[in-house]
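In the two complexes that follow, chain A is the common piece, with chain B as its partner first and chain C second.
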Partner chain A sequence: MISEEKETPGIRWRSTLSWFDARRRGLGMWAFVLHRLTGILLVVYLFLHFVVLSTLALGPAAYDSLIPIMKSPFLFFFDVGLFLALLYHGLNGLRVTLVGLGMGVQHQKAIFWGLMGLVVIILTYGTYRLFLVF
Partner chain B sequence: MRDQVFISRGFSTLAWLLQAFSGLLLVVLLLLHMLAQHFAAAGLLTYQGVVAYLSNPLVFAMETVFLATVLFHALAGVRAILFDLGLAPAKERLTTLALVVLGSLLFLYGLFLTWSIVS
Partner chain C sequence: MNKKITYRIARAKGGAISRYDTFTIDVDPSRTTILDGIQKIWAEQDRTLTFRHACHHASCGACAVRVNGVEKLPCIVDISEVWDGTSPLVIEPLRNFPIVSDLVVDPTPFFDRMRQVGLPIICASEPLVSGESQGTNRFENCIECLVCESACPVVASDPRYLGPAALAAAHRIIVEPRGADPLFIQQLVDDDHGCWRCHSAFECSEVCPSNGDPAGAIMALRQRLIVEYIKRLFRRGR
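For the complex of A and B:
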């Protein structure tokens, strides 16, 4: 199968889409799929961040008129979702790095759940702080 | 999840190490980025607040390093996902080149944007 894939110069859509399907493949695969999805979301956000900050080039009036929009309820939920994606990607990334370098390999399941606990705690605090601003 | 970690096939060993290192750096830089903006700064909810924030040379340096690191990490991640599609070597080189150009342009744009409002 592998050699067959190498001989085909075309795009491997089937195997490409299969990374997305984590069913019956265990926690490690779920962690990987979520890492990728949050990674893609964060890249999209990075570009959005650039677009929004570009209003700074249009002067004080343009930027200041944007602030009330940033405080709309929809963007409160957007920010909480963004923070969740960021925390998951960052903290799971720490586990991927550790294990990839051969550290804590036997305990990575415990490390994963420990980090997810940290995600919940930091997200709760962040949401509370964000709520005070909105 | 006992004895292996799922790593994208799109990463070579060097690319993986660079991604891991820039990721670790981002954990620190993003923490600084958010702590500085949400706690230390007087407020970024006005244009003047942003100008005051970026006028601090230490902040300017930190945000510049953050910009470069986040662009590298994001586009290297995109590259790994694209390479997972099983591209021909010529298309892989073209993808890398396109992403390097895009990253450089975005870095220069970010730098220009920051510089233009501070000065």
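For the complex of A and C:
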């Protein structure tokens, strides 16, 4: 027998972190975790968006100075990622709403994959359109 | 064919996991259940290992633990079903319950929640009252193993949440009251910590060893409550 000591984290942290631990879990748990993470990402983006918009209060020159940054390749990938998060959160939210209303509960996995197919189609088209303006 | 299987078992003597002990046993993984392995370790290597077991055929729900992070009834799962051939099997107590010792948890919070909905375990032999059954998922299949409560991410963070088992039982009472007061139960589950607290992760139904569908029952409860709201709205409008 081999023993190894393990430090036990606080109950509160353990409980909160367990929300994000989907290892070896089912599809519903993965969908739930991704929904949380994209939700947090969208809230962070909203604040970032307000910060950028607030430069308008400093005059057109201040806002225009940000345009080169907006057109950088990094921002292109950021925008695509943001679009993906938005699509996932919105369409999975639709699934959660339908299921929460008792509709299609037994088919929730099929609904998920169907909506993810829609995410891929819309994301591909959106990325192409975004690429044209960059 | 026998193989050397390593178990990494959580040890908890002070209410929390303090260490993991590693044991190796020589068994046939396709003919040995995870519980058989734990018992072999207890019998041959460490008599201080604490675990709970009784029926050995998924009838009592006493032995539920987490195997590699996922809730299982170790009495009905062969080692070969979860073992990748090399890594140790990590055995831990269920989440979301106070740990009594090693793999044994205190189920009191679960029974407190079940008591709120009237401990509605209905005998299979009790005759159905004509017209009451509506094609329900039979929750006497629930063996009170606590597996769904351990897997649920909401139980982990909201101690006041009724939990999947109690909500599924509540749904059963509402559709098939058998003398109970369904209105009281309906009011009980129509709460921030009742059926509206579920976040639709469906993990309770995923891990249920009795093929119950607690998540489906929770969604059915919500649908029922929404229909009631709409009906009330129209009644008010008249």
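Just a few scattered comments:
Methods note: the second predicted complex is superposed on the first by the 123 of 134 C-alpha atoms of A that agree within 3 Å, B and C clash if a C-alpha of one lies under 4 Å from a C-alpha of the other, contacts with A are read in each partner's own complex, and residues count from 1 in each chain.
Just so we're on the same page, a contact is a pair of C-beta atoms (placed from the backbone, for glycine too) under 8 Å apart; a residue touches a chain by one contact, two chains touch by 3 or more.
Since the model is a prediction, treat every value here as computed from it, not as a measurement.
In the superposed pair of complexes, A:43 makes contact with chain B only, with no contact to chain C. Touch criterion met: A:54 reaches chain B, while chain C stays clear of it. In the superposition on chain A, contact of A:94 is made with chain B only, not with chain C. In the superposed model, B is the one of chain B and chain C that contacts more residues of chain A. Legend: residue contacts after superposition of the two complexes on their common chain; A:73 is shown touching neither chain B nor chain C. On chain A, the surface touched by chain B in one complex and the surface touched by chain C in the other have residues 5, 8, 15-16, 19, 26-29, 31-32, 96, 99-101, 105-106, 108 in common. In the complex of the two chains, the chain C residues touching chain A come out as 11, 16-23, 45-46, 68-70, 95, 151, 153, 156-157, 199-203, 205-206, 215-216, 219-220, 222-224, 226. Of all residues in chain A, those touching chain C in their complex are 1-6, 8, 15-16, 18-19, 21, 23-29, 31-32, 96, 99-103, 105-106, 108. The touching residues of chain B, counted against chain A in their complex, run 1-8, 16, 20, 23-24, 26-27, 30, 38, 45-48, 50, 70-71, 74, 77-78, 81, 84-88, 106, 109-110, 113, 116-117. For chain A in complex with chain B, the touching residues are 5, 8-13, 15-16, 19, 26-29, 31-32, 36, 39-40, 42-43, 46, 50, 53-54, 56-57, 59-60, 63-64, 67, 70, 86, 90, 93-94, 96-97, 99-101, 105-106, 108-109, 112, 129.
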